[in-house]
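Each of the next two complexes has chain A plus one more chain, namely chain B in the first and chain C in the second.
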Partner chain A sequence: MSSTPTQPDLVHLTIDGVAVEVPKGTLIVEAAKTVKQEIPVYCYHPKLGPAGLCRVCLVEVEGMPKLQIGCNTPVSDGMVVHTQNAKVDTGRSMILELLLVNHPLDCPICDKGGECDLQDYAMAYGRGSSDVADAKTSKPKGVDLGPTIVLDEERCVVCQRCVRFDDIIAQENQLVLKDRGARDIIATATGEPYRHNFTGNVTEICPVGALTSKTYRFKSRPWDLQRTQTSCTQCAVGCQQMVDVRSGTPLRTMSVESDDAISDGWLCDRGRYNIGFYASPERITQPLYRKDGEFHQIGWDDAFSLWAKAIKSSIAANGAASVGAIGGGRLTNEEAFFLQYLFRALGVENLDWRAGTQRQAGPGASGGTYAELERADAIVIAGESPAERAPVMDLRIRKAVARNGATLIRIAPAEGTPNVACIDVATVAQAIEAMPSGAKRVALVWDGVDLQLGAELAKAASGWAGLRTYVTGEQANARGAETMGMLPREGAMDTLAMFAAAREGRLDVLSLFGVNPVLHASDAAPTRAALERIPFLVVSDLFMTETAAMATLVLPAKGAFEKGGTTTNLTGDVLPVNQSLQAPESALSDFEMLIGLAQHFDEVALPTSEELDERVIGLCAKPPVADGFGAGRYASAAPSRPAPRPSDGLAVVVHSAVFAGGGTSAHDERIASLRPLPHASLGAQDAALYGLQSGDRIDLECDGVLLRDMVVAVRPGMRPGIVALTGGLPGRAANSLSAGARARVVNVRKAAAPVGV
Partner chain B sequence: MRKNLYNVGAILKGLSITFAFMFKKKPTIEYPSVKKQHAPRFHGLHELRRYADGKERCIGCELCSSACPANAITVIGAENTPEDRTSPGERHAARYEIDELRCIFCGMCEEACPTDAIVLTPRFEMADYRRGSFIYAKDRLLVPPGAGLGPAPDERPNGIPSDLGRVAEVKSTMDIAQGYSATNRGETLKTQRKGLAP
Partner chain C sequence: MPVTKVLTAGIGEVDLRDFTVYRDRGGYKQWERAVRELQPAQVLELADRSGLRGRGGAGFPTGKKWSFLPNDNKPRYLVCNCDEAEPGTFKDHMLLEQTPHLVLEGILLGAYGIASHHAFIYIRGEFKRGFEIFSKALDEARAAGLLGKNIFGTGYDLEVTVHRGAGAYICGEETGLLNSLEGKRGEPRLKPPFPAIAGLYGMPTVVNNVETLAYLVPILEKGAEWFAAVGTERSKGYKIISISGHVRKPGNYEVALGTTVRELIEIAGGLREGRTLKAVQPGGGSSACIFDEHLDWPYDYESMAKAGSMLGSGAFVVFDDTTDFVKCAFNLVRFFAHESCGQCTPCREGGHWLETVLHRFVEGRGLRSDLEMIRRVSSTITGLNLCALGDSIEPFLKSVINRFPEQFEARIDARSLQQNGSPAMAASAR
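Coming up: the complex of A and B.
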């Protein structure tokens, strides 16, 4: 090693007799990993940094009289470290004895038992007995910390990982350490329930069983679980996750710690907890065919032949333009590819994935990675907040702003102030002004909804240095569906044109795959009118959604945990989707359905699975299409947001909420408390104008449509003149008021006392 | 004829062995009216015990099922509620099932149990006509509420046992010398047993 020329930023030291060189400033815990030596840690976490609280990482450094903590001692040149010897073992066993003084040792009933760091290190370094004769302190067990988390105060070793996660990563600053000494406990600072979009992560970083998930509580032991790594398909971020299944039921999901490129090792609560719907008794289990106004259960063979017959006769009678298919955003790449392959082979060109408000998924040629987002000097957010659309991506934004000093500019935000510093502007022109002059790397995050706004952004962005663009969508595989060709070509109809044609009676057969336009399209009434006019509407879904209830043929589909394939996330990474669950007996994946349909068309040459994989990989590997925001292929769509009609009232803005969209979270009662209330969010000015306070219930009236019983939420940071409604909530569908319309507040019912939101 | 007479001696010799057994002690018993006394540590059908106050000892920890070499035990835990407190502490077994056809009666479950909930009794008569009926669930494994044994772990003000270290103390309430009197079915068996003391 001495022969190597010494670089100024490298430090040479010896760990357990092995010479290593690591960058200057590396901590001993990290340096020891280079010689595959694990130093026990509780309070230290690679993503949270050192805290020096638990003292279990003691190591011997030659020349220092006492043992040193490995997690907070940086290496220095010529250091000789021993991580394993008698002195170190004695030190660690003393620390463990102290950590266990008040630990209840109720491992048999602890959810962490079997995968607990305290258990493992006590086995490795502990003494097995204690000199402390006094009784253990008694603290409350099973404390309800919030809608997702249960706290066992006795098991806590006060490493403060959860407090630091809340502070450094989520930046919600809700958890604190209360009281001192043996009485210290984890609690929320305000005493309010612990609630934000990333709470589940604290159960994973907790090295003991103090913080556990409510949905997993006492359900299983770790050794019962069958683990599969897959990609989360609940939003377009594409976090890697572990799905743990016990006898056919998904019990929990865990993050993948090494997934630095995408999730950074974290999961949002929706990705983590919204898994109960797979086992819901409300799932459709048989193909349903509507005859004389009622659904009848039929077999798959009949379903395929009815579907094929409808397509054949429609093409024969009115041409291929009378047939269409919408979907792909919730399918795998393979399914999306085969969907367009099959329909194009039949001559059908009316294909689109855009069933909701999102109009564009591709970020153009300057699409960036999450790592680049984290390093940006300035981040511009236009449209809906990524906090609700792509939550784990929002953690990167919070990191960029709070830790790397980036400037956050939000254009016309619908929601209140985020928990990091930001500049709110109303127009793109103001955003250009607010852009710091020295910004070398600019990240632009757009929701892909308003194409006019997109075009304005694209124009502004041409002047920004080191531009990286991101489109946060509402459908997980929207970008994949686009890459696979689920966009109408020149002359074909897109979703809005198809719906317009349907209203005129020009569309005979429409097949919808995993989409629910009645709930998610920007305007419910015309969408409903269009679907009502379609003689043969096929819907493949897991549940009887608002759209499926209008269908002629409903096909029971498999969920993402129940099939394999690939998905493309919003940064363009092609990620594996692995099967971890067995689907209900008669559910088929959309791919299997399309194969079944294709059997009825002799003229279609089916590709072999190798050919299919090759085609899909080939399309994925293509460089992104260079069209910018709101241009090229997308521009054919009708303007998604009509100009606001000048009338008295508040402009309606629909925004997303993590647990509302997608509809699947409505089918798991365990996460009922996480579902958003039908909030009508107002700025402080408007609230004062109408005499409203948080918790009041109001009805909103707009063009004769009444949206009943909305809960007022006063958000001080909101612009005046708008009311923000949560989209995608079944039952209180915000899209029943047309987008951009003006709503009047009627029927105010005051709450007894103001309610915090 | 002479040759036949010659064989009488051989016949008498053979019959003498047969008749000699008439005066020896009989090894057969009148099962099922008379039952044999087993070795004191015989491993038979399981039972799930209770504490004297009627609470179930089982905390649903699944250590028995993980110790089971035959994979015969299925346990699914659930949470105790203040209104419905099945066992001391926070957790109880919502489902507890043993496949007695799969079981090899090794007693590892008994060894692994931290609360002495599952024990093997000397009862061995499980014959039935259907395979499915050999899956014993809580309805057949649990002893009746009146047949509880030993004091339950101390309850704290919030209803949580002080610690499982008390288990060792509870364990000492079981007298090894008395054999299976410590179990409910052992007790029943004692009263059922007729004749033939060891």
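Coming up: the complex of A and C.
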């Protein structure tokens, strides 16, 4: 033994004859990893902790008569552990023999085949023969557990990882173990479909093929897949994910292992499952040019020259102020940079990435990390729920509240979550000030929409030490686009000003990159009116969106899996976007389109790719914008809280939902079932007033627009006088409402019994 | 005959369910004395010195169990285990139905002994009558100021909550019980942590059997020495034995520990005319059988352990020479497989597998290779389980297979004896 004094929090023990030193409290199963000895586990999972159910992790600890489970036995000084000897082998092989007694062994048709812990451990520790002389029990197979997952009860080894994931991590508590003994089955507690934003994770932690994704069932074998790691770009969290492609089709995505600083090892169902659109037959395959009211397919050369000609003649006739471009939040950093670079080189300064409701992205100098969010003492959520806008980040919030004891405070001008009273900024400030001074790590999570609220918060929070802010962008690369300069400088027009100018006939050419303001802008009717009046509207997108349908020129774009670059998530991490897929032949990345356009402008000096990378890296490294919250940079009249109008009825607020499916997810039949119902949420007081209960169907009349068949959701925490409608659902009239609309309930169809919605 | 009446005193003679009858016989005197005159630590000390061991099955020394509670200023709970579902055990619900106030007084004393202000009693779902009787007794005691706030003006508060189970043997296992009491699935918890550290609602908790707690009343009344004076070296005091099976007068008999096995059989009226003894299962469904050679052994914790079995909950089942041990073994294994919560692999799969195979034996369709499999599987799973239920599958089965192998061999399908093929082939050749 060495002469260095032993640290009190380190424990010395011997595992398989090797002396090891690990922190006190370490479980044998973890300690064994230090000697590169893998102890088999089914129920244990580092994120879920020990459960002691499967009993496969048996080890021998000298001095203890019975075999011990490595997953729940902490190390102690002087302990002598054997992870491999005859006694251990007998125990483990018994467990495997038992697990196989009723296991269907339908490996040939099981999706898990080739990456199954039952196959692997049976090979490593099993007996290889069986004494079973009786028929296996039969249990339900192919159980439709919910919109995403199919369950095979016969393959289940009852490790309860799925149940514990739902309890500990997602905290949705839908999955339970029902019945008992050998008859036990996994099911939802209520019998209703298993459905929330994180269900797909259970297919990954299930050690066997009991839980499989509907989108991947019977599609492939793991060895036929080509795997690429990339960053999910479906929201601003930036989860790392593996894309598995077979013969040019992305078949599934998987999370990266365990402790990823961003995703924490999880994915949300949108990030996981919304990949079918890449192979959709509805993708635009050819540039389209509108002539005499009809789209005609044209070649790229023609597209570029028409586009360049329109810009040139507009600048010549009405000056560069008559031209604008919007986009960047769905592009890579490199693309966003080049977008503003090219247009600014042409003298065009009307540039903005903000096409939806979000008015602000980068949270400024005080932005925090996800690890800090998890350790916050208080979390203030302002505006829309991060569960819908930044799902995997919301798991950190759930962890902070349920496991680390953080206080959750919600400020919601509109919708409240059940059981959370919506309060105003002053009350929040009081609550924060009342916290003991030692416990004042405050995390402020804001949707970046209501600038008036942002300004109030900025004022209130200015004195909070240890403040960390998180703006849940509605576009994945909102922060990157902002950093890359896709914001108007002094004197130029932002998105809303551009739309106003358009309505007045002052905007001639507008180029949109990966944005769909008709669906996502907070004020749909005036947005539509603006776009209708633009003589030359260019839209780059994968699909014929509501906005693309109004364009003069539609350009088929590549999706994120089809190109490379970087993206910046909401905490400011610059993350790689790696190409895993070949794009359809005629699609170009926005970058390639901009290059094509640039060819028509001899006066523009194009940077070399090295120069470009250097500039992008330089901007990324720049300290984030310093004026943070509610800043004066957003000069134009931002839509704010609807001023209450004196007439009767309810003030309408339209809120987003991650699965609304307005974007790419509208083009995948398989996940269409994830789409939320068109909900009309109201507080308990209003529900009583109108005699409504959850599950009732109502029609609403809003400023002359009839919204049919909305499903009532009574949310006890919501303020009176407000009805919150699910926005972003394709083809729903709610998308076309104007700010400040008021709603009257015109028809009610009662549900038979109140329904949990 | 050495039958005593301590807890059972008055049962069958007077109506102890009547609050006044119970009080007039000195009922609740010990409770009043404890609260007024004794510190909780003194009650604990009495329990400890009396040598009282848990009557629920494991026989753990009661005072010692209480002393494990940490002094951490958290709320602490006493839970009275009245789930009584161990095959052959029928003493707790007898106490509950016949002398509910004694049960309550025991609970009050136990709660006081650990300085708890909230006690619970978990009553097996099937004991509807006992539940009603006990609830009435509790209401009466509460109305008389024996529990609630500021008891006897001493400032001590104690509430008692009654909870009915929903019909699962596993909810008698103390952590399964705690989960069930909390409204969760009745499945045992992984230990550590033990209930003394993190039990009901995560708080320090003691779980004690009905009978264990009831003995606190006479121990307070007559003293620890009085209790410790009877019994054997490490098995002190009295115990109610539920005697059943092939005896003429099955029933509950209260005796001093150390009474011999033979005496117990005689107390229960002895065997039927012309029958001979084959085996006794001395400690409930979870225990191994003992045989002729143990007839004169004292019935106490240490002797039963030495005989390869256990005293358990004091369920004493007698088997004479008419017994079909194959059926008995099947019946018990089926019980455990049925009652397994299904959480852990050895118990869930092993129990089910053994049940299936034994069922074939009952039908005369055993295979030669099965006997080896039964021995191997039942012994290997023992000790690998999360709770003691899984470890209860083997003892009876093993003891009767070893003792009466001919009964099992007689159920082997003759065809399988000739066959060289796989057991699966033989099984399908039925």
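The definition used in the following text is that the second predicted complex is superposed on the first by the 696 of 757 C-alpha atoms of A that agree within 3 Å, B and C clash if a C-alpha of one lies under 4 Å from a C-alpha of the other, contacts with A are read in each partner's own complex, and residues count from 1 in each chain.
Here, a contact is a pair of C-beta atoms (placed from the backbone, for glycine too) under 8 Å apart; a residue touches a chain by one contact, two chains touch by 3 or more.
What you see is a predicted model, and the numbers here were worked out from it, not measured in a lab.
> Can A:461 be said to touch chain B (first), chain C (second), both, or neither?
Once the two structures are laid over each other on A, A:461 reaches no partner at all.
> Looking at the overlay, what does A:101 touch: chain B (first), chain C (second), both, or neither?
So A:101 only meets chain C here.
> Classify the contacts of A:58 with the two partner chains as first (chain B alone), second (chain C alone), both, or neither.
In the superposition, A:58 touches chain C alone.
> When both complexes are superposed, which of chain B and chain C contacts more residues belonging to chain A?
Partner with more touched residues of chain A: C.
> Just to be sure I read the superposition right, which of the two partners does A:138 touch: chain B = first, chain C = second, or both, or neither?
It touches chain B, and chain C stays clear.
> Touching A:32, do we find chain B (first), chain C (second), both, or neither?
A:32: touches no partner chain.
> Show me the residue ranges of chain B that touch chain A in the complex, using the header's touch definition.
59-63, 66, 76-79, 89-91, 114-115, 156, 158, 160, 162-165
> Spell out the part of chain A that touches chain B in their complex, as residue ranges.
Against chain B, the touching part of chain A is residues 104-106, 108-109, 113, 135-136, 138, 140-142, 217-221, 223-224.
> Once bound in the complex, which stretches of chain A touch chain C?
Residues in contact with chain C: 50-56, 58, 65-67, 72, 90-91, 94-95, 98-99, 101-102, 131-134, 137, 157-158, 160, 176-177, 179-184.
> Please give the residue numbers of chain C that touch chain A in the complex, ascending.
Where chain C meets chain A, its residues are 168, 170, 185, 187, 190, 192, 337-346, 348-353, 356-357, 360, 367, 369-370, 373, 376-377, 380-381, 383-386, 423-424, 426-427.
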